[in-house]
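All chains are identified by letter, namely A, B, C, D, E and F, in their written order; residue positions are counted from 1 within each chain.
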Amino acid sequence: MDENGIRTDGRRWDELRPLKIEVGVVKNADGSALIEWGKNKIIAAVYGPKEMHPKHLELADRAFLKCRYHMAPFSVDERKNPAPSRREIEISKVIREALQPALFLEDYPRTAIQIYVEVLQSDGGSRVAGITASALALADAGINMRDLVVGCAVGKVDGKIVLDLNDTEDKEGSGDLPYAFMPNLNQVTLLQMDGLFTFDEFKQALELAKVGGMKVYKLQREALLRKYFSGGGPETSTGSAEMMEEA
Amino acid sequence: MPAKSFVVETIKRNQIVELLSKGKRSDGRGLSELRKLEIKTHVIEKANGSAMVKLGNTEVLAGVKIDKGTPFPDTPNKGLLIVGAEVLPMAASYLEAGPPDESAIELARVVDRGVRESEMIDVSSLVIKEGKWVYSVFVDVNILNVDGNLFDATSYAVVSALLTAWMPKFVLENDVVKNTGEKMPLPVHKVPISVTIANINNTLVLDPTEEEEAIMDARITLDTDDDGNLCAGQKGEPGSFTPEQIITAAEWSIARGKEIRQQIKEAAGHA
Amino acid sequence: MDENGIRTDGRRWDELRPLKIEVGVVKNADGSALIEWGKNKIIAAVYGPKEMHPKHLELADRAFLKCRYHMAPFSVDERKNPAPSRREIEISKVIREALQPALFLEDYPRTAIQIYVEVLQSDGGSRVAGITASALALADAGINMRDLVVGCAVGKVDGKIVLDLNDTEDKEGSGDLPYAFMPNLNQVTLLQMDGLFTFDEFKQALELAKVGGMKVYKLQREALLRKYFSGGGPETSTGSAEMMEEA
Amino acid sequence: MPAKSFVVETIKRNQIVELLSKGKRSDGRGLSELRKLEIKTHVIEKANGSAMVKLGNTEVLAGVKIDKGTPFPDTPNKGLLIVGAEVLPMAASYLEAGPPDESAIELARVVDRGVRESEMIDVSSLVIKEGKWVYSVFVDVNILNVDGNLFDATSYAVVSALLTAWMPKFVLENDVVKNTGEKMPLPVHKVPISVTIANINNTLVLDPTEEEEAIMDARITLDTDDDGNLCAGQKGEPGSFTPEQIITAAEWSIARGKEIRQQIKEAAGHA
Amino acid sequence: MDENGIRTDGRRWDELRPLKIEVGVVKNADGSALIEWGKNKIIAAVYGPKEMHPKHLELADRAFLKCRYHMAPFSVDERKNPAPSRREIEISKVIREALQPALFLEDYPRTAIQIYVEVLQSDGGSRVAGITASALALADAGINMRDLVVGCAVGKVDGKIVLDLNDTEDKEGSGDLPYAFMPNLNQVTLLQMDGLFTFDEFKQALELAKVGGMKVYKLQREALLRKYFSGGGPETSTGSAEMMEEA
Amino acid sequence: MPAKSFVVETIKRNQIVELLSKGKRSDGRGLSELRKLEIKTHVIEKANGSAMVKLGNTEVLAGVKIDKGTPFPDTPNKGLLIVGAEVLPMAASYLEAGPPDESAIELARVVDRGVRESEMIDVSSLVIKEGKWVYSVFVDVNILNVDGNLFDATSYAVVSALLTAWMPKFVLENDVVKNTGEKMPLPVHKVPISVTIANINNTLVLDPTEEEEAIMDARITLDTDDDGNLCAGQKGEPGSFTPEQIITAAEWSIARGKEIRQQIKEAAGHA
């Protein structure tokens, strides 16, 4: 960060990278979204509620939620082996657990709901971008939801808490805190942390993640409106999360 | 993989077959007509080359990664060219995540063979130090949405991505490989084009959709090169062809291949 | 090829390598055949119709056909890892699809028919040799068949289309075209192609593959006759494919 | 892994929740109180360091192996520090042998991150020859008996084992690595302490038992270092926290961490 | 061995290494035992009789016995990869087959009995130590048994048959013979052999293994008594194997 | 693997047991008699050595491949000798393709041990440059048809194939391994012979058939060397032996081993 508090990519400390969302991009899926956030290019697709395989794992009182986070071999600087890594398995789990609080799984007993997150190009914050896109894909699939889920990371660069690290900042920074929450219910559904934060910095980081996340939430709603109200655009964006269930 | 993995109701099947018997297809195409083909290159900045291909509703993304590598012991003076393909589980409702099945393996191997056997890339020019260091060219393909004819869509994506790919310039300094920071185009010689034809109840159709694949008896993929020669082939699925049908398929492949090659070269800025 | 059109192993362009077939070599199998073709030594064995495992994959209207093509570690110049390679998986698939058109699978609903092709020693054309042996093993197992299936490859050496490449020709030649067909029904059940063929060469190759295949077919029939008519030999060989079903 | 994998009868669940609503726990502990923690070090002579940890009925054994190794290409001047964890199938009735599932992978990665991100070990001092030879430090953990809160028990075992570990002294002679036979202590800088808090029906409890985990909505693990800074975090399970609950969890982690660090340092002879 | 027949660790030829056994060490298990034998530290734990998974493998007339022998990564000099090696798979099989003759599996039809042997630290003879501990874990789990099973190895060092090799002797010796038997029924349930034994040495080895094993058996019984008769110790040890069934 | 994997009807079982109680076997053999053993060597030209063995209806093919390789770090001055065995799924109706199960692993390891522990091959003479390059000798066995006693049939095939094997002569030129094109015989010192005896209802039978294995209580395999010493052993299956039965088994192994060794040496041209 330079003396004016401007980051290497020209952003201020509380500024998001450019973010573009499109809902409904995978024809065969029941719901889907493409998110471009910084250099991240990520598709989330949802199938379900559908029959559960294997049968004996189906749940009598709710849907079985599955999630696969996966990176394309060409998505990173060094070609990635396409087999799922331990990192991808862990992230698949935390993404699933970040989305589940928002879902009325009890409305779909004995079924499966499957979320796929494919990272076509990766930049800092791919898991929170994946969560943001997945929430839209779930809404697009018509799954009953309590709220959307918004992902946004904060980090620590040159001793300062800043919003939404890019790849370079992530590698050179001294801390990263991916975060996801339900904006209307004020519930945190994902928190991970690497690095070193004093207690005050930690509190500050949570605050900033929420402020940043609310900006992401606005873009999420606009993307849904664009798909479901064809004339819709930023200017008509007045919807709240409750409308998701009708969508 | 698509064929047979979902039930096309008997009525639909009968209708498709009936239409075909009159030389018509359910989407209105001619028997030897390709669906709308869209190609977008330079879509992944982190890749050395990339292309998004839509063939009807089949969508495929290919990315090229080029680095230094060690040659295979039996070909010390050849660079590496390796094509991989994954049918993403998101690409159709009946797919599940897991290791590639035999259809995905066949797909990757057939596309790989099409590129390799045509000598599209002159791998003998991709050597840094014989037996020690060569360029390795990985082309990975993600199939994003399945609606039939993955072989051709994947092949077009691979060829388009390779046509737009650049290589880092490596040099040898004191026996250590150094990246000079310069970029060079990948040396492309030929542009092989894959064309797939299905046999449905003894009618041949080019570029089958998923609903056609679900009822096809057999399929044949024939690749041609810039000179109209045949350079790769693969019959698949548990039915058969007459020798005459195979000749017809070859004629279609040669004719259609010329047009598709033109479109791909234009999309990749090689026109 | 020398100036007289004689190949490195002494054959003319349209000549097969030495070929020997024996039916009924694996005691426990329901049907089997050993083929020695050039340096290829390949055993095909068939089990079935038998119960299908796993049960939920059984087909209500026909038998489930399985095929495993596998190479012994000592079958090639460099020791081969015994785990199935991607090449073996692909060849297993095309062999199965080359044989299936000849089988009345609908006569055996809810069962499995398993074909094993084990390459004990490999030379050029192991897949077409495997198909040729498998067709006999299927007949030996008493599976109802429309026709035999005959495999035979053609290739391109020194710019000329020639029959039945051996290993050296395969590696040094400029094209290879494995081919299989049902001789009485005139249906092509396998075609693969590597290398470069003009359209005319391609047509010529298909013709030559058929001519060569008919010679293989004669040997197939004789091998069956030797097993099922103990006095049988080439001179009594008048049977047609229809008799297979009685066998 | 424990949570949800066995049925706690509704009655029991209701009772636990009812008790919690009065600020009480079924084992009599306070909400932010740790179970009895026992640490025994030097239990495996063949390891370079080892510790057996009992946290209530959860039992965990960690062993350290230190050898020479080759560094990762992207960190040529850093030693290797790799934490692995296996929940032994003998550790609970519902477990089966098999490759690690997502919970076991999360466990190992979170504990690994806690140790790595705190910079407990200065890996840049573990280099024998840059880019060629470094010290490799493997910490493997066997979970022997499961009764909740594997994250913390595993973390305490890893930290205790590392605190007691010695390294063989390697030197480079004519470009060959030689073991001098001397022993050196592993250079430990900090002692990170993991503290896990569960959210059950909107009551927070520290160090949950297996029966509490079976009914918890979510859990959060926060690590602190010697200066009371937060150095790693992981929320898990399909429920959520309010931001205020997370602040409380951080306060608990800081307070409890200080006490636990003291106990671990004493057990490892670092007091 | 020195001129007085004293081994490198100070033992005589027919002397066991120090041996300590404790029954009931894994809280969640139905039965368990910890054995420390030389530098071996091994836990055996038993679960069952319990439901069999997968269901279709359950046996109508007896319990399905499973065994997993596994070594911790830190148990040996060079860190061991935690994935099961071929050696561990073979030893799991022979341990299971060494214990099965002692079990009344027919008393528990359609169930599974699972034995886990985890080697925390390994020295010579880990498999016979594992068998010794497993027999106690089975008794501790209340499984009906005909007899205990006792494991004990003999070997050949400097041309002489000696009892109970340690790691160094195992590596430098010229023969190793792991052995297990049911002490009251006089039945051999495990025998493996590496190295070179004349016929006479072989007979002598079997004898010595039995003599050594009877000493181990005494310690086994004492360990059980300590657990089940709290005041129990060596001096009250009069029980025979039959009492195991009551235990 | 064979035993127990198919149901021998009770009647048959009773009949076999009844015959055995009178000292007779259902195929007319004596209790300690081997089935007809046929050995054919030099059956695979591409292998360095090979042998086809028929023991009754059990058929087994072994092939040897010898190449240069790198030694294991802990035995820098020993060549590699590795025995693998695959029970081909075609060998019996109840088999399925898949990774080797515990029986196949035991089979390969026991045969490997028999060859290794007898010091049949002097691996210390198979070194090209200590610590860097050694000869690697792979013996792979395909079991083609199963009718009991795979241990012995496999062992005879391995030993016969090794007895007929030749090695390429490698030399070191400027630190590079070169194949001189010359051939040398593999240095064989001893000929270990495996003999397997089953315990059926307290009667011992040598070389059990598959129907005998289906009802056996236990089996023991004992190998002897040229001097009649015992050099390897393995008890298997979930039954037991008395110590006296084991002594008898050893006597049988020594006696029968002598005859079988003679036959194998003759078949391999070592007589």
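What we mean here is this: a residue touches a chain if its C-beta (ideal position, glycine included) is under 8 Å from a C-beta of that chain, and two chains touch if they have at least 3 such contacts.
Everything quoted here is computed from the prediction, not taken from an experiment.
Q: Which chains lie in contact with each of chain B and chain F?
A: C
Q: Please find the path from chain C to chain E through touching chains that uses the fewest steps, and give that number.
A: Contact-graph shortest path, chain C to chain E, evaluates to 2.
Q: Rotation angle, chain A onto chain E: superpose the C-alpha atoms of these two copies and give the value as a multiple of 5 degrees.
A: When the C-alpha atoms are superposed, chain A turns by 120 degrees onto chain E.
Q: Any idea how many Å lie between the Cα centroids of chain A and chain B?
A: 32
Q: Centre to centre, by mean C-alpha position, how many angstrom separate chain A and chain C?
A: 53
Q: Determine the centre-to-centre distance between chain C and chain D, using the mean Cα coordinates as centres, and give it in whole Å.
A: Chain centroid spacing, chain C to chain D, equals 59 Å.
Q: Can you check how far apart chain B and chain D are, centre to centre, with Cα atoms defining each centre and the answer in Å?
A: That gives a centre separation of 48 Å.
Q: Graph of touching chains, which shape: line, ring, star, complete, other?
A: ring
Q: Under that contact definition the chains make a ring. Starting at chain C and heading to chain F next, list them in order.
A: So, from chain C then chain F onward, the ring reads C, F, E, D, A, B.
Q: Quick check: in the complex, which residue numbers of chain C touch chain B?
A: Residue positions touching the partner: 65, 86-87, 89-90, 92-94, 96-97, 100-101, 177, 181-182, 185-199, 202-203, 206, 210.
Q: Under the stated contact criterion, what part of chain F meets chain C in this complex?
A: Those in contact with chain C are residues 44-47, 50, 57, 59, 61, 63-65, 67, 84, 86, 88-93, 96-97, 99, 138, 140, 142, 144-147.
Q: Within the complex, which stretch of chain D touches chain A?
A: Result: residues 102-103, 105-106, 108-109, 113, 117-118, 218, 220, 222, 225, 228-243, 246-247, 250-251, 254 of chain D touch chain A.
Q: Which residues of chain C touch chain F in the complex?
A: 26-30, 32, 39, 41, 43, 45, 47, 50, 53, 68, 70, 72-79, 82-83, 114, 116, 118, 120-122
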